[in-house]
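Two complexes follow with chain A in common, the first pairing it with chain B and the second with chain C.
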Partner chain A sequence: MLIKYLFAKNEDIPAGSSSVFFGFSAIFWFVIGTGLGSFNAAKLAFPDWVTGTEMFAFGHMRQVHVLAVILGWISMAFAMTMMYMTPALGNTKLWSEKLGLWNAFLWNVGLSLGLFLLWMGITSGREYSDLIWPIDIVVFLGVLLPLGINVWMTIAHRRTQGIYITNWFFGACIFMVMVVFAVGQSPELFNLTGLTEAYMTFWFAHNVLGLWITPVAAAIAYYTIPKLTGNPLYSHRIGHLHFWSIIAFYSTPASHHLMSAPLPEWLKSFASVEGVLILIPAVAFVANILLTMKGKWSMFVENVETKFSITGVLLAIPLNMQGGFQQTRAINWYVHGTGWIVAHAHLALLGMSTFLEIAAVYFGLQQILRRKLYSLALANFHYWFVLIGFCIYWISMTIAGLIQGAGKIYEVPYIDVVVAEHPYMIARWVGGTMVFTGNLVWLYNMYMTAREGTVVPAGRYAHEMAYER
Partner chain B sequence: MAFQQHKLGAAAIGGMLGLSMCITLMFPSFDFRSAESTWVGLDKSLSNGRVIGFSYEDPLVTGAGKPITVILDKDPKTGEKIDPPMRAYVYEPGVPFAPAVRHPANTGPTVSQLSLNLGKMGEASEAQGAVFGINRGEVNGKDWDYIENLTALKGWTPADTLRAASDENTRYVGKGKTVYITEGCWWCHTLLPEQTQDWQIFGAPPMLGDFNGEMPTAFGSDRKAPDILHVASRNSSREWMDMHFFNPRLVQPNSIMPRFDYLWGETDAHGNKIDFDKWRAEYKEYRAGTRIYPPEIPEYAGNSEARALVDWILTSLK
Partner chain C sequence: MKNKLSLGNTFWVLLIAGFTTGMGNGSVFGAAVMCAVGRGPYENWGGWGMDALNPSTFSGFIDCVMLVFGLAFAIITGLAMAKHGALEARGQSTGTW
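Then we have the complex of A and B:
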């Protein structure tokens, strides 16, 4: 479909093509990623379920789930939104649709190759940096660099005087994730070893979340909520407080992931204090968006994109309250390494970030394709399955984490903790499977939207129109 | 447009990120550089080789191009008895040296000087292979562990050393840690006991200098299973480890660890094909209660991944 445009002239490619390519790729990877998650969760609940094959061993699949979701779903959904929001906010066209299409193509190819190798056990053995260094180079040159060039050039060629807050985030976050990625993978390229390697691993793991996944998701909400409700953003200035405090504070707390490692104590204390300061951007963001909703709260019930978006914003509240405090020494010693952290990670990625992106992908695809959503009922099914599935997952893993934490400090034999966690492992699998089911329905719904959705007349928004069927 | 806010903004972002990287990357690097390697650090580095995971020497991550750790109870050259037995790290010709040897600064200022001056570490050559050991020396009234090049100091060649050790005293530690990485054991087990509460059950947390030259460190972040940094101190039975890897439910009925029977490979220690289907059928009968004893697990071959993994655990995780 869109592959034919890879060798077309840039002028001949319809605007929004790269966004559509990225959008459907993202949904596809989301289905793959959550499917793997559900499979992995089943193995934790029933260890003898599928056994005896190296390919289906938990240790071969866990990292594929993580990276399919982070690099496939979340980052591709970011690219999808950047491809249509950046030009719209600059009152211009995307700098190069062709570059965008090539970017999406190389991204899919590179990610498939990297994940295949990981699945076969060809890994660097570094958490979140598992991809081997040749694939790291592909990711840097084929994924991050073209995306950055396209977004920066679009911003530079904008036809507006100011830069809207969403574009500040987009431009800065791509730059920062490139720096963070390059530095984080450098131990493999330059054979840096020991504590340096360990620290770099978590310097990357923290900063990819703090400077890429959460701020870009927030930036998306700065676009979608005003666009959907028709209200102007409550305060652009508070948006800038959010932006600059992310850059100043949230690029520093990486070492709170290694509180038990023999890192310098000053570094751990510094990280701990800086980590609490996440509350400044968090409060600024949540307050700004919720105040923008003034007078339009009925849309939280009636409009599915707003429903997703506001749910994501509301989930940012527990996310940042947990995140700000659980990394202080007073709490970290209890929850470190337990299911609590797994629950928190899913709150960030599957909760806050994913809900904001789903809204933007729903909205963007309808706008670009000029098609109204095929089925609102299926979209609502998707919303409730992802939300309920996520909540089951989050609550069960939080409880499991508290059990593990108690087992840890009261020195309970480890196997008793495993037995106590068993019901929560089953709940986790049920929740994960619900999310997966919801996403399958979403993929079908978006495919049918592209094929059979009601055509939206020029100048109208899809969500303003009544259903015709 | 005279005023371009993205230009000012880009400078501000660059400045702030630069300052943050200064504090979180550059300043700690001074601390890391001054860390002196401990015995644990030297042992890990020498037994793991250059790097575990994807590398030039081991692109398929099967444990190729790794050194072999041996326990010597007699001198490979003279045949003299060594008591207590010592650990030596055999680098066959062409096997890349550990970071501790390639980049002596990795082991810290004092240790690297001792290794170079007393241990003659700089004379070793990758093309000819070398045998290394760890010795203790005194500098300014304090004891330090340092690396010895036993090929230069005692004339031990890799081939002689492997012969003197025999299969019984050979430990495939580097290959074993490779299996730990590829099989993703570290998604559930940590190698980092916590400072506050793990002392009683999981033992002491590692110290500064325990990781110099180790790559990857694979601390792990999610503890779905016990910390195993000191597991061999708690349980040093090879029989238990073998049964536990073949099917964890044989020794711990409530375990959720996956079975690692596929690490046994196709054939057992005697060259016979392993009949996994038969084993599983018999095990099912045992679980159902129609069989009194579980089936015997096969003996793994000397070059199997299972052997290397258990070697690594019993040798390195003390």
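Then we have the complex of A and C:
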């Protein structure tokens, strides 16, 4: 239904259309991404399940899962929040709803094409940079550039004097991810090989997390928590400390992924120290949000968006404790290349960042559609299934990682390690399937919210209203 | 006003979200200590079916530290929530919040 606006005049397009397009696309890709994750986990738990067909092989499906979640769910949820938060914080309208709609349309088309090619085995062969270069160009020109133009122009046309911290992050992170993406994909274009290729690949792989996924997720919380609680942000200045310490410390920790590679030792040490310094922005962010909750902690158990947000902020604590120290040489020696790292990656993407984004998508869609959530019971079901599913996944993979680490260090026969970690692979599949189930319910709940949710009067927030059905 | 953050109201959130948060911190603390102070022979690494929760083994120590940190974080957060709940209830009844 939003497709009809693609060729409409910008002034005829209702405000928030692009945000709604991005929001439902993000939820759709989240269902696809977690469904693929559940499928892949089943293959690890039950190796005889679905064999003999190349395109269903783990090597094909893993890439599709990873990029469906990063480019589909997480990044589209970011775009969704940028389309409504940036103008709201600038007391203005989105610079171009039409550009936003085309952005969402091209994003869906480009991602579908890219994932289909990966599924068919057409890949650049580099982890996280798996898409082939023509698709990289589509991502740069059809996804990142229009998003950046819309956000930067909206900030430039703001009707407020200052720029709130959320918009600082939005504007800067889009610029940084464009640079990171362009540089990170370049080994394929310039035929770079060996250590250079490895370093540049992981410069992209780490920075897409450190300069895009985690800071934008944090920026979202700087908007949602004050909005939901009605409290002003505890400290804008601590927000600036968070922002500038990310910029200063977190642009070059990439070689901590390659501690055993023959990179220069000074580069690895430098990256490791920068990795520990992530604790500065992390503590600034967590403290700022938790202090903003002052006097409104009861919303943690009463309001589903706050529940999601604060859980995400709490999960940022172990995320950064692990992230800061697991990449030091002593611990990395043990956990590198094991399920521990898979667990940590999911703590970042499915734990901290996803919980913050889910809250912002719930809040934003209700605000834009002017509809109260269709079912609070289903939203709570979603919360508990995603949380319990994630916890089962994370705990089982962390312990499996320790088993694999021991197997690696003591040179235990590989098959013995496979047998030892089998129960944890089953637990991982159960947890992932719970997350997938919760997301299916979420998609239904948001679809019904758009169709049948109680209408929210102008000037009120959805979470302030009682259910009328 | 009623304390909305009683243990009954916050129990499940703390048990799941709080415990996991503590376990995450415990995981890296445990791994750091074991990597720093001693690795032992293979018989003492303590994986599945090998005294996995025996604190004298490598993995067993980390698993135990994760459980202790998880419990500690859940208790600390629970106490903090209960105190906040009491303050908020008092604040709402006196109109100061």
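In this text, the second predicted complex is superposed on the first by the 469 of 469 C-alpha atoms of A that agree within 3 Å, B and C clash if a C-alpha of one lies under 4 Å from a C-alpha of the other, contacts with A are read in each partner's own complex, and residues count from 1 in each chain.
Note that in this section a contact is a pair of C-beta atoms (placed from the backbone, for glycine too) under 8 Å apart; a residue touches a chain by one contact, two chains touch by 3 or more.
Here the structure is a predicted model, which is why all the values come from computation and not from measurement.
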Scan A:L44 for contacts with chain B and chain C and give back first, second, both or neither.
first
May I ask you to decide whether A:E54 touches chain B, chain C, both, or neither, giving the answer as first, second, both or neither?
first
So, A:T81: does it touch chain B (first), chain C (second), both, or neither?
neither
Considering only the touch criterion stated at the top, classify A:E127 as touching first (chain B), second (chain C), both, or neither.
first
Touching partner for A:M425 - first (chain B), second (chain C), both, neither
first
Thinking of the overlay built on chain A, is A:N150 touched by chain B (first), by chain C (second), by both, or by neither?
neither
Could you let me know whether more residues of chain A are touched by chain B or by chain C?
B
Would you sort A:V335 into first (chain B), second (chain C), both or neither based on which partner it touches?
second
Tell me which partner A:S17 touches in the superposition: chain B (first), chain C (second), both or neither.
neither
Identify the partner contact of A:M176: answer first if only chain B is touched, second if only chain C is, both if each is, neither if none is.
first
Of the residues on chain A, which ones does chain B touch that chain C also touches?
333, 409
State the interface residues of chain C toward chain A in the complex, per the touch definition above.
4-5, 9-10, 12-13, 16-25, 27-29, 31-32, 35-36, 39, 42, 45-49, 52, 58-59, 62-63, 66, 77, 81, 84-85, 87-88, 91, 97
Interface with chain C, chain A side, in the complex: residues 295-298, 300-302, 307, 311, 314-315, 317-319, 321-322, 324-326, 328, 330-331, 333-335, 340, 347, 384, 387-388, 390-391, 394-395, 398-399, 402-403, 406-407, 409-410, 412, 420-421, 423-424
Under the touch definition given earlier, write down the residues of chain B that touch chain A in their complex.
1, 5-6, 9-10, 12-13, 16-17, 20-21, 23-25, 27-29, 31-32, 35, 41, 45, 50-54, 59-61, 99, 103, 106, 181-188, 190, 192-198, 200-201, 205-208, 210-226, 248-249, 252, 254-262, 276, 280
List the residues on chain A that touch chain B in their complex, please.
43-45, 47-48, 51-54, 57-60, 62-63, 121-127, 132-133, 155-156, 161-163, 168, 171-172, 175-176, 179, 183, 187-188, 191-199, 201-203, 244, 247-248, 251-252, 254-255, 257-264, 267, 270-271, 333, 336-339, 341-342, 404, 408-409, 411, 414-415, 418-419, 422, 425
